[in-house]
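To start, the structure under review is shown below, and the notes come after it.
Here the chain labels run A, B, C, D, E and F in written order, and each chain numbers its own residues starting at 1.
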Amino acid sequence: MRPNRLREAWAKGRAVTNCWVTLPGSLATEILAHQGWDSLTIDMQHGQADYAAMCAMLTAISTTDTVPLVRIPSYDFGDINRVLDAGAYGVICPNVDTREEAERFVSACRYAPQGTRSVGPKRAVLYGGADYLSKANETLLTIAQIESATALANVEAIAHVPGLDVLFIGPTDLGLSLGRAAKADQTDPVVVEAIDRILAVTKAAGRRAAIYCKSVEYSKAMIEKGFDFVVVISDEALLSAGASVAAQFG
Amino acid sequence: MRPNRLREAWAKGRAVTNCWVTLPGSLATEILAHQGWDSLTIDMQHGQADYAAMCAMLTAISTTDTVPLVRIPSYDFGDINRVLDAGAYGVICPNVDTREEAERFVSACRYAPQGTRSVGPKRAVLYGGADYLSKANETLLTIAQIESATALANVEAIAHVPGLDVLFIGPTDLGLSLGRAAKADQTDPVVVEAIDRILAVTKAAGRRAAIYCKSVEYSKAMIEKGFDFVVVISDEALLSAGASVAAQFG
Amino acid sequence: MRPNRLREAWAKGRAVTNCWVTLPGSLATEILAHQGWDSLTIDMQHGQADYAAMCAMLTAISTTDTVPLVRIPSYDFGDINRVLDAGAYGVICPNVDTREEAERFVSACRYAPQGTRSVGPKRAVLYGGADYLSKANETLLTIAQIESATALANVEAIAHVPGLDVLFIGPTDLGLSLGRAAKADQTDPVVVEAIDRILAVTKAAGRRAAIYCKSVEYSKAMIEKGFDFVVVISDEALLSAGASVAAQFG
Amino acid sequence: MRPNRLREAWAKGRAVTNCWVTLPGSLATEILAHQGWDSLTIDMQHGQADYAAMCAMLTAISTTDTVPLVRIPSYDFGDINRVLDAGAYGVICPNVDTREEAERFVSACRYAPQGTRSVGPKRAVLYGGADYLSKANETLLTIAQIESATALANVEAIAHVPGLDVLFIGPTDLGLSLGRAAKADQTDPVVVEAIDRILAVTKAAGRRAAIYCKSVEYSKAMIEKGFDFVVVISDEALLSAGASVAAQFG
Amino acid sequence: MRPNRLREAWAKGRAVTNCWVTLPGSLATEILAHQGWDSLTIDMQHGQADYAAMCAMLTAISTTDTVPLVRIPSYDFGDINRVLDAGAYGVICPNVDTREEAERFVSACRYAPQGTRSVGPKRAVLYGGADYLSKANETLLTIAQIESATALANVEAIAHVPGLDVLFIGPTDLGLSLGRAAKADQTDPVVVEAIDRILAVTKAAGRRAAIYCKSVEYSKAMIEKGFDFVVVISDEALLSAGASVAAQFG
Amino acid sequence: MRPNRLREAWAKGRAVTNCWVTLPGSLATEILAHQGWDSLTIDMQHGQADYAAMCAMLTAISTTDTVPLVRIPSYDFGDINRVLDAGAYGVICPNVDTREEAERFVSACRYAPQGTRSVGPKRAVLYGGADYLSKANETLLTIAQIESATALANVEAIAHVPGLDVLFIGPTDLGLSLGRAAKADQTDPVVVEAIDRILAVTKAAGRRAAIYCKSVEYSKAMIEKGFDFVVVISDEALLSAGASVAAQFG
């Protein structure tokens, strides 16, 4: 099976980068996949890709060796199976607030006996290789999004759920849930303390820590701090830079 | 944030009209949006629009000032978030039978601290404006469909759920559930009594009352009766008028 | 091969009806195909269906025995081949102004030795039957649109082009080209005279005469006058009736 | 209402065949629908068709009298309603493990008073006929997939759920769940014993037994054994035969 | 009819800006349409939008007052009609090399008696207004691309074709055709001389001059030089900025 | 630039294989691309892929090193440019009957000074590499289809058109044009003689000879005879094998 290059980078002690893809479209995704990011995330929660678009975007990413991840809209057993069958090498599940939620998420991502994923990979075999069935459990990434006060309270239990690979901080919703500003690149002490605690618990549990950022500076600071995975920028942010260009023509 | 024109009309004591859209297609929707309806509903429950079609149809409606509403297939946290992120100014949730169901529905539509909607509006900001995050909770409409004997029994409790804006009667399923005919424009005394009771409870609770009709006459009668929102006709009904035209050529 | 029901009706001396489809969408088309029209026309010239939508719409029509016709955007050898391969039972070519244009149009619709259509029917065989290749030339309809002063001047020559089945009057463009109003259901004497002349020449040449109308009354009058094929209404007109419904709520 | 030809065949004591469709695409589906299979299954669980593709594929099947079935990704009330509204004549629900799961599945497929399906058929009426509402409950098939050790343990209870028509064995997941190989055409004694038990319980309860196969031989053996419904092959298997053709050019 | 804001700006002596859109996708286009550009061009020649995508993108632009332009793949009478019917407020025709080519292009864009455009606007009326037919000829822009040695030789004749509004320099193909580098923001003396000559002839003929640029600086310099319309940047360039961001993570 | 593996194989004296793709769909194409064919042809003439589908299918092929070719519907300058910009490594033009037609086809495929292709590759650069502009002319294949009596008469002139790489025999249309059966794998002496003559002229002119076949045996015989490129089978043929499987259940 095609190895997961994120696992390989981590094994070498290197933190990895991610570009967030919110706009449906195969060609735009293929452009991003050629930019040198370690991974792309197709965002089906707040992005506008539906299942058909996601399949096309996964195909576009597969023309490169960038690792394809998908964030699902919310926990759904069927969705997780479909995303993995289509060839995602990792699933991000939003709003994982409890140990039980983490467990059912991991279970949906793993074939028996580790989980309950249904057998029937299609594109996944084309992309991953003929031995997909036997190696998928150890290759694909399970990524739980920690983004509420409840999740923060339960982070220790979540981090120890067997088979959970990554705890991924969503600073915007986490901030809002803690009664602070809803934004990325948080500097608010309350949120920063929460982030630090999640990071510490994650690392102590032997899991990988990830965080959504929106600038190079903050991303690098997070890597310095010990994060293994940073989202640096999104397609939407890149495209939105056009507004300041237009503004120069007053 | 762009105001919700339905709230504005209601504030002035005016009942509003709605045209129901069941056929996927951006251009047909744009035609309907130019016809003078106060609002359109994209029906994802019994209509054939999927998420991608809905996004296109919301865009088409946004070329006018007609208010865009969406009925989701059934309660689903992810779907509600996606529909709102795409720019719907109100969500209709079918089959709200209990207070608990009404509460989780409202919660999914509202940002913290009023609810649990996840932050990440996209098209919604383009359509609503830069202050979307701070004003969405007071602008967007939560519309619960009351359409079963169970819902009728629980209507008092449902009507008092904080943050629920509209109780919307589905007379077809309500009729069937009460053991009467499954149809709109009900005149069966049992169903009419149920409708009157829902209306009375809704108004007493200070909420808006809505009902699905299929003729101008019945719609006007419902407005007379006190309803704030009437569905008058659907795209399908308009298109189906062709059958009687064809029949004239025997 | 599945017979062409329009030819069958004509053989029995019956004029046929047509509903014009301008909005892309398979379900709307399927609804129209169940209404009792003899035929539907998918309009790729002024309608918004592209090739993929047209294929879906032809499939929808094929669930009934309504005859599927397609109007192409303008003469194009490749387009004509693709439309027929997809299963259209007749092609309407706009702007046929000369004998030469009529000849190349007919040629593109017919297999050798009658024409130059390339061999490779796909859906057409599923729809038409296994003997499609040998019977297509005699089954499919070639329909030339006569809609300019030039075409009027050349109508005699056009009408006698071997293999041309139908001359189809486009009264809107014809009116404009003659310096009169651009509209259907023409009563302007200049345009009516042109229509009458085209009809007379068409019948004298042993071809079928068709005309685009927009009302039952005018359509029936045209049948009375001798037309073999009348377009009675369009999907767009049916949908647009909603505007007058909405207006009742002023 | 158009009768369900699978029920008709069973009434005559004939087992029926099915071809499994995993690739989205209307034309490919239409080709398969012309091949003489009693039924096709559009697989939305492990196949790549989304809702829009499924609608197009149902339309393609409706150009023939092949019976259209759909497998949903996982139990979802909204999905079941949408699939049936679009004209499926049977729904396959994966992972039915308990009596309760079977009951809620059947309920979602049946109108009151037998169930809770919401009223609003669209394409279903075009395909099924004007009396759809009154005859749907007795016409459409409810098909529960039995594919785990848990389901095996509960098969007696599941088989007796009122309104459940077919128990459908998924040998791949069943094998994996029983600790054996994940594959179709099982010959492993443990799995075969499980299959035999499910078959026996199903027949004893007066229900129809179905099984997913991947060869003509195994399919015929299953019919011999008493199965009423066999999946014989998939579009993917047919397409994959190209690999051995290519290999001949080494 | 909704006025053409580009004509209004020019009437006030102001040069206008344009952002070039090469990636199909309604949401990305809607984002760009909110950035303050005077106009967007949907590029169907080298961009990847097909007709269906173009319709969706025009709809997205119509949610703002940004002027929608479309570049067609190459001269085609049918394409020009379809693009205008869909609501484009200007058409860019590539490779206009001679007076005759400019004349047929203008003719296809104008209703009789000025031209031969076929009557049947659809979305165009929704977008432009009910008086579209009578005002389209004076509102919509005809934009001929001058991008070869041949066109340069014929520029005087082209510039004087009645009804041609804008001469638009394509510096990449022009450079290549003149035996110089194929690139935008040309500084090569041979190409600059050609640009200057086209500009001078255009202005002398009373037409508007346009040029494709790829930087703010060059765009501003062209406005200084007298150009009325500058393409400043493309969606692809904005998105491609991600590569340098990724590179900062080595 | 990524080399053209067909040119590489030919340089080594090896004939290459091709699988013909007529059904739109990215996943089916990706399956075929993994089967070991040297190349795939996306057929836009008689296949049902439109431009958007073709882009998705090219992307799917690009996940492997199979060479992507496209057959356009008929000669069209804009289409050729779009197909190449999307990343096709060769274009098949149907119905090339004369030297002039071959010349304009080749011209449209080549950048100046060899031709008139417009500059603006998009996906092509992602797929081909950063030096695409300078190496495209020598890498991409121009393939003219010889399939009529006229083409046969002009084959000597066609074969010597500078820049034409391959003469590709379409035996079905060629047979029909010669008054024989319209089919592949021709054994009719008249058609075989024509094939032999085209082959001889092609090789004498130093070009590559290609032919459409429909069986392994005939394909191998053609390679033996000296052909450099054989189409062996199509997706449609593979899928159609299901009919004989179904027939076994009588």
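Please note the rule applied: a residue touches a chain if its C-beta (ideal position, glycine included) is under 8 Å from a C-beta of that chain, and two chains touch if they have at least 3 such contacts.
Predicted, not measured: the structure shown is a model, and the values here were computed from it.
Find out how few touching-chain steps suffice to connect subunit D with subunit E.
2
Same or different for subunit B and subunit C, where same means more than half of the interface numbers show up on both copies?
Over half shared, hence same.
Using the average of all C-alpha atoms in each chain as its centre, how far is it in Å between subunit C and subunit D?
Each chain's C-alpha centroid was found; their separation is 41 Å.
Round to the nearest whole Å and give the separation of the Cα centres of subunit E and subunit F.
Those two chain centres are 34 Å apart.
Would you give the residues of subunit F that are in contact with at least 2 other chains, written as numbers and ranges?
Residue numbers touching two or more other chains: 24, 27, 31, 34, 48, 50, 52, 55, 76, 122-123, 236.
What chain pairs are in touch here?
Between chains, contact exists in these pairs: A-B, A-D, A-E, A-F, B-C, B-D, B-E, C-D, C-E, C-F, D-F, E-F.
Would you pull the subunit C residues touching subunit D in the complex into a rising list?
By the definition above, subunit C touches subunit D via 26-27, 30-31, 34, 55-56, 59-60, 62-63, 122-123, 126-127.
Note which residues of subunit A are touching subunit B in the complex, please.
Those residues of subunit A that touch subunit B are 22, 24, 45-48, 50, 52-53, 72-74, 76, 94-95, 147, 172-173, 176-177, 179, 182, 236.
For subunit F, which residues count as touching subunit E in their complex?
50-52, 55, 76-79, 81-82, 85-86, 111-113, 118-123, 133
Mind listing the subunit E positions that touch subunit A in their complex?
The contact residues of subunit E facing subunit A are 17, 19, 23-25, 27-28, 31-32, 34-37, 48, 216, 219-220, 232-233, 235-236, 238-243, 245-249.
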